[in-house]
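Heads up, the next two complexes both have chain A, just with different partners, chain B and then chain C.
Up next, the complex of A and B:
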């Protein structure tokens, strides 16, 4: 290759390309960092989430306030439908080791990890939540958060309908479990007080988002 | 260090200043565009907040079931209280009284209220609507709306799942 005697000005081209790339990347970052919709500055935007939050909290509250004994007289000792939902899920899945997803069919909830487990359709929590997905197109996940005797916090899934969107809302309610509630020998939720009838405190976390 | 005789390859200060001003202007534009539309937006924000307040009052105290415990159970609607409110709202004087007691009287006007209880049927996945109103309709005006989930209990357990929609205008 014949060496050109004049190579001044080449760096300008590189500068131009670099600055163009810089400009483009900054533009992309700026545009993607904010989403502008007609509702962006409006309260309505927030209110959609507020309504979801209210409905979720209402569901957990009203279930917790409804004595299970009043619904199913066979089990008179359980004071709350929410608690009964959690303990039933633990007991039918062999210690709370299975997740369920909503399938829009006659089988309703289907197991994701162990198909031989019975369904959770009859659980008051699962039954109540299915109203959201069937009529409003609101998807939801239910997770159970608990700690072990050393204070480490763990999260396990109960109902999992996929990863929530960025606009999801989470509400939670705390349920106390006792030794007599856990009929399984092995349970993912450990006994934090082995000497007493108290078993553990679990936080039922309900995450909802509009599909 | 030798003296550099030429200045090729150095991004000029002019370019930096120019691009900084451009980006700042761009950022300002992006953030201020939505606020340009504020004058054209509805004034329903205030109504929405009123609807939220009324819905909370109804669900958590006014219509809440008190027969099982000595305290109101938030989220559990006593069906007889709902019917009482429906009867109260059906006359114009009762409607005014009810709306005032729910804080819808702001001094210069008393806002209209409509409560719709949508009872959910598990087997058909359909809703049955029960409406509380004094017969007036919102028409074209701005409406604030709030939804709550409730259990309606009429001495039957666990009660019926329902969505309570509160509208204020």
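Up next, the complex of A and C:
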């Protein structure tokens, strides 16, 4: 098609606008595009963390709702499996002053601070969690958080398998301790209610990450 | 100057079309992507924490009631404080409000615990009922503001002091504020007639005679039968106390009822006795097969419900008699028709059990009278003896 000369200005203008749009698009794409790193937030990564959270929360809930008894009982004095794990750990370590780590051997859990302390292999919590590391390759730490009578918050380690990665997740469950649960004279967890049979509230914190 | 710009125009058009396709694709992609994106609520794990707090509170309320009931309020306050120390690190605040109640559809005394978990964008409340439905697991002591009304009533005001006579006692416990029945209250019925079981016993229906404790049912009521065995006659003053449970130190008093206790063997059982006329009336002259009509009259006096139950003992076959003796209610007369058949002697004995209720002394009395009729075709004798 042959155009007369007076149409050339319009075409140049459209061409200029199109060129500008192209340059702008390239600039936007370049600025928006980033490299994918292990720390990049993606839906897949969030999904994995969500699965970890659900798994950990379900395990703690299940342990906390299961009475530590050979037969079913509704006796409120019978502790749950989770509580039994905490109180046994307190009582066999002289008041909850020892950490344990997974040794990936027949010894299973070994003490990190005092080798003369009995192992926590038989505790329901330790037993259940060992399945995670053996079957799924998921590492975990267990910490116990509590407060003193003045409201100050403390954290103590129970199972420690190293510093968690940036993609770790933490779930928790609260457990009430009673005077009759604590057999040690010196316990890192103090009695916040001396006038009653209530002892203290602890938060069992389970941190998990994919190795 | 002429230029052929058609190629340039087509190229620009192609660029514009390509850009439009890219833009539309991205727009559609965003629409589809956002529709299938996981919202933050899907991965919100705070519900696990809230449920954990709720479950722990339930367990502690049950434990405190069962093990540390006397310090229940202090126990739960310290629990809530300790729990808050932990939850505050997560931006959660837990509030507990506990009090006992005896009202509600189940009418059981129990503890109502209101648990509120407040967060930045949420406020969840749970109402937890704990308590006891039986004597085995009693609840905590009531707060001083609670009050209950206890009433006791009897079905009569006098009785015999033997095991055959009972007085029905109805004890009712209600909430003073709501008038709703209060069940599972432990009752103690107190009388000044001596020591149980020598002087008296309570029978709650035969299955649990003289029980160690009495408990109100779901209607807040307990029915027992009082049996007085004290040999001394007099007046029994009876009242009841109600407690929330066996170990409770706070009890609620009822009104006092009076029951006159008399002895069935006493001559002073009733100042009025059933008066029977001494001589039966014979209204016909014997002879030639005429019948005799013998009437015995009873004075009603102060008695009500006077009943006569004649039992005829025919000891001779020489007579015929009306074996349906009648008596009218106005005069309480017993009439017997005798029909001598031959010259031989005849004998008829009619035993009468007479019972009545003395409206003056408010006791049941009874007498036994015997009507002896002898004679032959020419004569007849009738005599009345009674005890």
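The rule is simple: the second predicted complex is superposed on the first by the 163 of 211 C-alpha atoms of A that agree within 3 Å, B and C clash if a C-alpha of one lies under 4 Å from a C-alpha of the other, contacts with A are read in each partner's own complex, and residues count from 1 in each chain.
The rule is short, and it goes like this: contacts are C-beta pairs under 8 Å (C-beta built on N, C-alpha and C of every residue); 3 or more make two chains touch, one makes a residue touch a chain.
Just so it is clear, the model here is predicted, and its values are computed rather than measured.
When the two structures are overlaid on chain A, which partner does A:65 contact: first (chain B), second (chain C), both, or neither?
Both partners.
Once the shared chain is lined up, is A:15 touching chain B (first), chain C (second), both, or neither of them?
both
Once chain A of both complexes is superposed, is A:201 in touch with chain B (first), chain C (second), both, or neither?
A:201: touches chain C, not chain B.
If you stack the two complexes on chain A, which partner ends up touching A:137: first (chain B), second (chain C), both, or neither?
Neither partner.
Per the contact definition in the header, classify A:55: touching chain B only (first), chain C only (second), both, or neither.
First partner only.
Using the superposition on chain A described above, determine whether A:124 touches chain B (first), chain C (second), both, or neither.
first
Which parts of chain A are in contact with chain B and also with chain C?
Residues common to the chain A contacts of chain C and of chain B are 8, 11, 14-15, 22, 43, 47, 50, 61, 65, listed in rising order.
For the complex, which residues does chain C have touching chain A?
My answer: residues 1-6, 8-9, 12, 15-16, 19, 22, 37-38, 42-43, 45, 48-49, 51-53, 55-56, 59-60, 62-64, 66-68, 71, 74-75, 78-79, 81-83, 85-87, 89.
Which residues of chain A touch chain B once you look at their complex with the stated criterion?
8-9, 11-12, 14-15, 19, 22-23, 26-27, 30-31, 34, 36, 38, 40-44, 47, 50-51, 54-56, 58-59, 61-62, 65-67, 70-71, 81, 124, 127-128, 131, 134-135
Would you tell me which residues of chain A are touching chain C in their complex?
1-5, 7-8, 11, 14-15, 18, 21-22, 25, 43, 46-47, 50, 53, 57, 60-61, 64-65, 76-77, 145-147, 151, 153, 171-176, 178, 192-193, 195-198, 200-203
Which stretch or stretches of chain B touch chain A in the complex?
Touching chain A: residues 6, 8-9, 11, 15, 19, 23, 26-27, 30-31, 33-35, 37-38, 41, 44-45, 48-49, 52, 55, 59, 73-76, 120, 122, 125, 127, 146-151, 157-159, 161, 163 of chain B.
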